[in-house]
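Labels run A, B and C following the written order; every chain starts at residue 1.
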C-alpha cells in the first residue's frame, strides 16, 4: 500500500469523519502515527514564532519560583565567606538552577523566555536596594535572547548552554555590584572602629584585581556549562522519557 | 476581639500601591541613608506600621533579627572577628527594612494586588507572572515538604555526610519530583484559569478596589519626606 | 426538551499517543445530570475536556467531529467565552485556585468577563449566600478543608451562572461527609434546571442525582445505564466492567484470616502530639499482629496522616512509645522499619525506570536486581519495566510504591489513601496486593475514606476523632463502617 495510500487515508478520515474504513489495526495505527508525526513536525517548525500564552506564563512562574527558592538559599549560605560569595555563588546558582531553565526552554520553545526571566529577576533584585539592576538585567536578558535567534534553538542543548552561561556572567557581575557598594559602607564602619590596616589591604586587593574578576567569570561559565550538562542529562533520563518534554 | 478584627480590616483597606511606594522608599533609605541611625529609625517606623496593620508579632520578629545583626556586627568589629563576615550582617541589615513592607504586600488579598498592578503601566503578562509567582510560593513549599519526607523514608537523607558524598544524586532526587509536580500544578492552574476566561482581552475591573484613601496619601507623603530627609542629611 | 450538548462522531488523539476517543456520539438535554464512568484511561477526563474546550485548545492533538453547545459549534466560540456557558470543577483542590482568598476566587470569572466592580460584588455575595460560604469570604483558600475548597470551586463557576457544569472527579479527594455535602450542592443545581456532566469513579453519592450513567471504555461508549440499573448490577458483572459499587450498605465483608494466636508485633502506647493548642494525637494506644490489615478511619484533620508520619519516624511524638518486637524504638529507629506511603505518589517517585526506582539509593548488586525483578513480577509490573514511573497509571504507581516498600523489607507498611481516584478494577488489584502482603506476615495500616476498599481489604478498623482513638473494632458489616465514616 505504501505511505502515500496511508497519508491519503489520513486526510480522508479527517475530511470525512463519518466514513468508516475497514483497516487492519496495525495500518490504522500507522496512519494515525504518520499524521501525528506530520503535524508535530509542523508544530515544531513554527512554534518558536508563537507568542507566550497563559500556560507558558504558569510554567515560567513555576520554574522561576524553584529558581528563586534555590538562589535564595544558596546566596545567604555563601554570604559568610566573602570569597565564596563573590566568585562562586553565581556559578553555584547557575549550576543548581540550570535544570529549571532547560525545562522551561524545552517546554515553551518560544522567544521571550529570557525577557520574562530578566524582568522578574531584575525587579526582585532591584528591591534589594539597587534600582539600576532592573534595566541592567533586562539588558542581559536581551543579549541572551540574541544568542537564541533561530528556529528551535530552545530545544538545542548547545544553544541553551551558551545562553545560560551568558545569563550566568550577567548574574555574577550583577551580584558583584552591590557588594562593591556594600564594601564601601563596610569599610567606613570598620575603619571607624579601628580594623587593622594590613587586613584591609589584603581584602581590597583580593576584590579589585582584574585577574580575580576574570577568574570569577571563568568559574561562573564552567559551573553554568556543567549545570547544563547535568540538566540535559536529567531532561533526557526523566522528562523526555516520561513524555512531558520533547 | 473587635480590636483585632478592626486591625485585620486595616490591611485590606490599605492601598497596595502605597505599600509598594514604601518598599521603594525603604530601598532608597537603605542605599542612600547618610547615617546608620536614620536607617534604624526608619525600620522602627516600619515596625510601627506593621503593628498598626495587625502584624505586631511578625514585626517583632523582624526587629529582633535586625537588632541582633546590628549588635553582632558591632561585636565583630570591636573584637576584630572576621567570621561570620561583617558583610553578612550588612546585607541582612539592609534587607530587613525592605522585607517588612514586602511582607505586608503579600498579606493583602491577591485580587487587590492584581488591581493595584493593573493601575500601573505594566504589560498584563508581567502582572500575571508576578501574581502567579506569589501564588506558587506556598504550593512549592508544601510540595518540597512532601518530597523531603519521601526522601527521608527512602533513606536518601540519612546523614549530611551521605548527602555530601552523592551530591548529584541528591540533587536529582530533589529536582525531578519537584519539577514534575510543579509542571502538573502549572498545567492544572492554567487550565482552571483558561476555562474562566483569563485570556479575555477586555478591560477588567476587580472585586477588590485599590482606592486611594486620605490615610494612604498621608502614609506615602510621610514616607517620601522621611526618605528625602534621611538621604539629604 | 432543548439539546444543550451535542457531540457528533468525535475522535481524538493526544499528540504522539494512541487514540483516546473513538467516534463518540452523545446528546445531553437541558437539566440532565449525566455521569460518565468507566475504567481508568477510558477517556472520561478527555471527554470532559472536549466539552469545556480545553481539548484541543490546551491539550493539543488531533480532533475530528463536532461539538455543539446549545446549537453553536464550540470551535466558533472564542476560548475565553466558553466559561460563560460551561462552569468547571476539577479534581485537585490544591491546584485549581488562582486567588489566595475565597472572595477573590469566586470573583475570578466575573472579573475576566468585564463585569464592573458593583456587578462583581453583587454576584460574589449572592453566590456565597446560596452556597452558604458567606462567612468565609475573607478566609485564605489554603487554610480550608478540601470539602470547603470544592464548594468554593463550585461557587467560582456559579458566579457566572452558566447553563452547563462540567466536573472531572470532583469527589476524588473528599471524605464521605464532604462527598455527601457535594451531592447536596449538585442536587440544588439540578433543581435550578442546570445541566451537569460529571466524570466519576465514586458513584454512590450520585445515586439520587444522576439521570443517566454512561460507561466509557477504551474511548468508546460501551453502555448506558439508568441509576437503578447500575445499582442492580451483580457484583460479578460490575467487577468485569471495572466499576465501583453504586450502593454501599450491602457490600460484603472480608472474612478474617489473620492468625489471632500470634503475639502483637507493633505496640503503640500513649502516643501524644500537639501543634500549639491543636491536639493531633491524644493518648493513642493500640497494637497490631502480623498479617493484620487495619483501616484507619475518621473525618479529615482527625490526625490520621499525622499518626502515620509519627509511626514512620517522620515526626517526633511529644510523649508515648512505639515498640516493635518488644523493642522500644525512637523516631529515627522506626524509619525504614515502618514504611509510610504518602497519598501523592508523584512526590515519591525518583527513578528513571521501574528497576531504577526499586534499586536507586543503594549499591546495585546481582542479588538486589533479581529481587527487584521478582517483586515487579509479583506486582504485575514487569511489562512496564523499561518505562518511566511517571508514565504509569494511578493503580500501577500505587503497586510500584508497594514494591519499593517490599524492596526495603519493611514489616509494617502504612498507606495513606491508596485508592483515592482509582476505578473499581484498580482498587481491587491494590486490595488483592495488600492482602497478599498481609498473608506474608506484613502489618498493613491503611488510612482511607474508601469504604469499598476497606471492606474488601481490612479486618479491623481504628476510628480516630480529634486525635483520640474513639473506637477499635473488628469489621463485621458495611453498616458498621458507614456509621463511623459518615
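Here is the rule we use: a residue touches a chain if its C-beta (ideal position, glycine included) is under 8 Å from a C-beta of that chain, and two chains touch if they have at least 3 such contacts.
Small disclaimer: the values here were computed from a predicted structure and weren't measured.
Asks: Closest chain to the overall C-alpha centroid, by per-chain C-alpha centroid: which is it?
Replies: C
Asks: Name whichever of B-C and A-C has more C-beta pairs touching across its two chains.
Replies: Pair with the higher count of C-beta contacts: B-C.
Asks: In angstrom, rounded to a whole number, how far apart do the mean CA points of chain A and chain B lie?
Replies: Their C-alpha centroids are separated by 23 Å.
Asks: Once you find the CA centre of chain B and the CA centre of chain C, what distance in Å lies between them?
Replies: The separation of the two C-alpha centroids amounts to 34 Å.
Asks: Can you list the chain C residues in contact with two or more other chains?
Replies: In chain C, residues 58, 390 touch at least two other chains, as defined above.
Asks: For chain B, which residues are shared contacts with two or more other chains?
Replies: Within chain B, residues 135, 172, 176, 180, 185, 189-191, 193-194, 198-199 contact more than one other chain.
Asks: If I count partner chains per residue in chain A, which residues reach a count of at least 2?
Replies: 55, 238, 242, 244
Asks: Can you name the residues of chain B that touch chain A in the complex?
Replies: Touching chain A from chain B are residues 23-24, 27, 30-31, 36, 73-74, 77-78, 80, 82-88, 90-91, 94-95, 98, 102, 125-126, 128-130, 132-133, 135-137, 140, 144, 168, 171-172, 175-176, 178-180, 182-183, 185-187, 189-191, 193-194, 198-199.
Asks: Considering only the defined contacts, which chain A positions touch chain C in the complex?
Replies: 13-14, 17-18, 29, 32, 35-37, 39-40, 43, 55, 237-238, 241-244
Asks: Which stretch or stretches of chain C touch chain A in the complex?
Replies: Result: residues 9, 11, 13, 15-19, 58, 60-62, 64-65, 352-353, 388, 390-391 of chain C touch chain A.
Asks: Considering only the defined contacts, which chain C positions touch chain B in the complex?
Replies: Per the touch definition, chain C meets chain B at residues 52-54, 57-58, 79-84, 86, 88, 90, 92, 94-101, 103-104, 106-117, 120-121, 124, 138, 142, 156-157, 160, 309, 312, 314, 335-336, 339-340, 342, 344, 346-350, 360-361, 390, 404, 408.
Asks: Considering the complex alone, what residue numbers of chain A touch chain B?
Replies: 52-55, 57-66, 68-69, 76, 79-82, 85, 96, 99-100, 103, 107, 116, 119-120, 123, 126-131, 179, 181-183, 185-186, 189-190, 193, 195-196, 199, 230, 234, 238-239, 242, 244
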